[in-house]
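Right after this note come the structures.
One chain, chain A, links the two complexes that follow: it is found with chain B in the first and with chain C in the second.
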Partner chain A sequence: MALLEIHDLRAAYGHVPILHKIDMHVEQGEFVGVLGHNGMGKTTLLRAIMGFVTTKGGRIVYQDQEIQRLPTYRRARMGMSLVPQGREIFPNLTVLENLTVGILGKKGSLDRIDEMLEYFPRLRPLLDRRGGALSGGEQQILAIARCLCNHPSLILLDEPTEGVQPSIIHEISEVLQKLQGQQNLTIVLVEQNLEFIVGLASRIYTISRGVLDTEIPIDEIKDSAMVAEYLGFGA
Partner chain B sequence: MDYSLVVAIELVREVAGLILIATGLAVIFGMMRVINIAHGEFMMLGGYTVVLTTKMGVNIWVAILILAPLAVGIFGVIVERCIIRHLYGRIIDSLLATWGLSLFLIGFVTVVFGNTVEGVSNPFGGFAVGQYKVAGYTFFLIFAAVAFIASVYLTLKYTKAGLIARATMQNSDMVEALGVNSKHVYMATFGIGAAFAGLAGGLLAPISGVVPGMGALLIGKAFITVVTGGAAVVAGTLSASTILGSISQAVTFATNPVYGDAALLFVALILLRLLPQGITGRIFTRSI
Partner chain C sequence: MLSNISKDWLGVGFVTAIGLAVLIFVPMLFDLFEVLQMTKYVVLSLFALSLAYIWGFGGILSFGQAGFFGLGGYTFAVSAINMGQTTIPFLMAIAMCALFAAALGYFMFYGRLNDVYLGVVTLVVTLILWKLINHTAGPEFIIGKARLGGFNGVPSIPIMTLPWQPDMEMEPSQMFQYFMAILIIVYLLLHFLIKSKFGRVAISIRENEIRTSLLGYDVRLYKLWIFTIGGAIGGAAGAMWATYQTFIDPNAFSLEVSAKCLIWVMAGGVGTLFGPIVGVIALEYLSLKLGETSFLNNLIILGTILMFLVLLLPKGLFPTFRDLVIKLWQRARGGTSGERPS
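Let's look at the complex of A and B:
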């Protein structure tokens, strides 16, 4: 059964159209990737699903309920969570406070923080440090842990590897695989990092100029010639 | 010796007065970045709430400590929902709208109560310090300011509501993505800032009296204190109130109140020249 279905979705910033007739479906427990160049509408797609971008038409169905008119916080309470590009942690709050805000939105238990620290032990010695004082990689881990504190059923991940050192990318990749297996999470990952997305996703959409035009089988995308054909850049 | 003691008490009272009038504005301007020109009139409404309710026979402490902040807080929530909510991020528009609200409130209260000073009986008597006399209410004001700023700090630092408010003011989109209705948080924060103004107006009513134009006298000092203090609500208000209040009152004692107010402005100018982000932009940067 599809957890998320998108039909004929259109979105714009003011009068500038960004997304055109997007159709997409994500099954419960699936890890789906969206691959595309800069400026093709990847981030706008995730922001439209989360409710930050006003849609100009089409439907977003989540857990069998149309949500395109719901405000962002209602979507979050239904189990959607976004890890945005640029992390957007709260810079003047400590790491512990950042994680606590992640819980409070859905009135969850503080025990969830301990659970997240088991997955991300790197954060434990940093709990009293301000979010703004962390490195880019640590901020990315914090952003993912904060989103997971919210007990999401669908995670929208926007370029989590951007500006992050390789060792932390590897750590994020491992934890995401582990979490998906253990907690049956559904994840939509937007990326330009081909190796990262191929290592995690079971299905990949490509997006070009606001159109979700091709669904590439994961075996084919490992073929660099095929990637060059679809995206114009090699693996 | 007696004179020095009286001067010291008055210095602390001036600092306490600045803390009381600036804290609400620090919440609304410092945290929410809304320039509320009507904030002085919110204080005036707090004063008139005390005048009106005590005339109706309500106990003065109930009027000052409960009814004034409650009435102005509710009024603040209505103002946020009807006016401010549509103007977040539009600084000039919100400035003009709240200026209009300020003029309306002054005119409305003048029509209802007249342009005369309404007195509120001082609930404490005075006592002698040597050959001088100090009002007992002065000590109550100092105590109230300390309790007030301490409760704001404890709320922001240690409660869930305070944490959500701080997070929302830093990044309202992200807070929404975590399931918090940021519009409710903004509304509540503005209402609390207004309630603080009502409390300040109520607390000051017994010593200054209440008049429709009193807000204009308070708003200038409140803004100067908040801007000088910087973004941190508690540390900024405390540090700026202490520096500006002490110097202003010392100069007032040495010369007269006009020079005292001029000294406050002069010191604020120097501080902002040296610390453009306010005191907490350079010092106490991790404070709330």
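Let's look at the complex of A and C:
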């Protein structure tokens, strides 16, 4: 059963159309990638799914419920979580406070933070640091950890490797794989980093000029040259 | 984690200790004029806290905080004159301003006004109230025994009595202590609120509204609560102002009062609770002293000082001083950067 289904979705910034007739489905426990160049609508797609870009038509069905008219916070409460491009952690809150804010309600909050620190031990010695004082990579890890604090069932990751050092990209990749395996998370990853997305996703959509135009077959995903050909990266 | 908590409580404990020392010793050590002057600073500090909280910890910049100050003052005046006591009128002033803030906030936040329009709406509403109350000079504008008096104001407002003892009017020193106790309590309550989960979410909203809503928080509802709390505190300050002066006029709603409140908070330090109190005391004392001289218009001198203050110390007096002390302390210890100052 699909956890997320998108039918004929259209979105625009004002009068400028960005997404055209997007059709997409994500099964429970799947790791789906969306690959595309800059300005093709990847970020807008995630924002439309989360509800802070106004959609101009189409349907978004999550857990068998139409959500395209729901406000962002209601979608988040249903278990959807977005880690936005550029991290957007709260720079004046400490790492611990950033994680605490990530938990709606108080029940079991410290246990959940401890659990996250097991996955991301790099954050443990930084708990008292202001978010703004962390490196770009540490901020990215914090953003992912904070998003996980609230037990999401669907995670939308917007270019988590952008501007992040290779060692941290590797760490993020390992943790995402571990989390997906252990907690049966459903993840939609939007990326330009071919190697990163190919290493994680079990299925990839490509997006071009606001249209999801290709779904790359699973057996071809591991062949980076083939994926590059779909996108024209290798040309 | 523990170190930050202890640093926070050290700071709050220090400020509270200063407050308690002031509460106990000022009436013993100073003459009547000075006690009255300091009572004024206490009332205005509470008023500044109302804006300091909503602006510094909720990101809501209100250009019309005087609206709550005036409304609280008039509510207290009218109800105290009619009831012949001050305890219930004081609570009524707080409740009225909280309700007014909740109603106004509902339309602003649920109407999704952005920050600029929010500032304009608060300003315009305050000016409307100011205009409205100015036009109540006629004899028909009477509520029970209280005449609103239009631009002449409302005289003979009862002096604050001891709680639930309507016959026991407070002496100036008692009133100072009572108001000081209220200021300390409000300061502590706000501190608890800021350190609570609610407070952290409020700061998150100040820093990034969209990000906060992505975490599942209804930003509109949080902002409404923050604005309502700020309105209630502004109303309490207005009621205290009315009983302190035993008089209130439409100037309580004026643009000047709103502007002064903004200046106190800016000069003292946005994002702190103690800073705006420092701002009130420093600027009001300066204003008083400049008023005693006659070689130049004191408003020109005050304006120039404020301009330099904003340009040279953009963080405000208190945060600049605090950061300097922390920097010197860290340099002496060879400490790390990035830890949040308490």
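By our rule, the second predicted complex is superposed on the first by the 220 of 235 C-alpha atoms of A that agree within 3 Å, B and C clash if a C-alpha of one lies under 4 Å from a C-alpha of the other, contacts with A are read in each partner's own complex, and residues count from 1 in each chain.
By definition in this document, contacts are C-beta pairs under 8 Å (C-beta built on N, C-alpha and C of every residue); 3 or more make two chains touch, one makes a residue touch a chain.
Note that this is a predicted model, so its numbers are computed, not measured.
Q: Put the two structures on top of each other at chain A: do chain B and chain C fit, or clash?
A: Clash: chain B and chain C overlap once superposed on chain A.
Q: After the superposition on A, what does A:61 contact: first (chain B), second (chain C), both or neither?
A: A:61 contacts neither chain B nor chain C.
Q: Let me test your reading of the model: by the given contact rule, A:91 touches which partner, first (chain B), second (chain C), both or neither?
A: both
Q: So, does A:211 touch the first partner chain B, the second partner chain C, both, or neither?
A: A:211 contacts neither chain B nor chain C.
Q: Check the residue A:129 against both partner chains and state whether it touches chain B (first), chain C (second), both, or neither.
A: The second partner, chain C, only.
Q: Applying the document's definition of touch, where does A:71 land relative to chain B and chain C: first, second, both, or neither?
A: both
Q: Touching A:81 in the superposition: chain B (first), chain C (second), both, neither?
A: Once the two structures are laid over each other on A, A:81 reaches both partners.
Q: Which residues of chain A are in contact with chain B in one complex and with chain C in the other?
A: On chain A, the overlap between the chain B and chain C contacts is residues 50, 52, 71-73, 76-77, 81-82, 84, 88, 90-93, 97, 100-102, 104, 106, 130, 146, 150.
Q: Which residues of chain A touch chain C in their complex?
A: So the residues of chain A in touch with chain C come to 50, 52, 71-73, 76-77, 81-82, 84, 88, 90-94, 96-97, 100-102, 104, 106, 127-130, 133-134, 146, 150.
Q: Which part of chain C faces chain A closely enough to touch in the complex?
A: The touching residues are 1, 3-4, 197, 200-201, 203-204, 207-208, 210-219, 337-340.
Q: Given the complex with chain B, which residues does chain A contribute to the contact?
A: Residues 50-52, 71-73, 76-77, 81-82, 84, 88-93, 97, 100-102, 104-106, 130, 146-147, 150 of chain A touch chain B in their complex.
Q: Can you name the residues of chain B that touch chain A in the complex?
A: 160, 163-164, 166-167, 170-171, 173-182, 286
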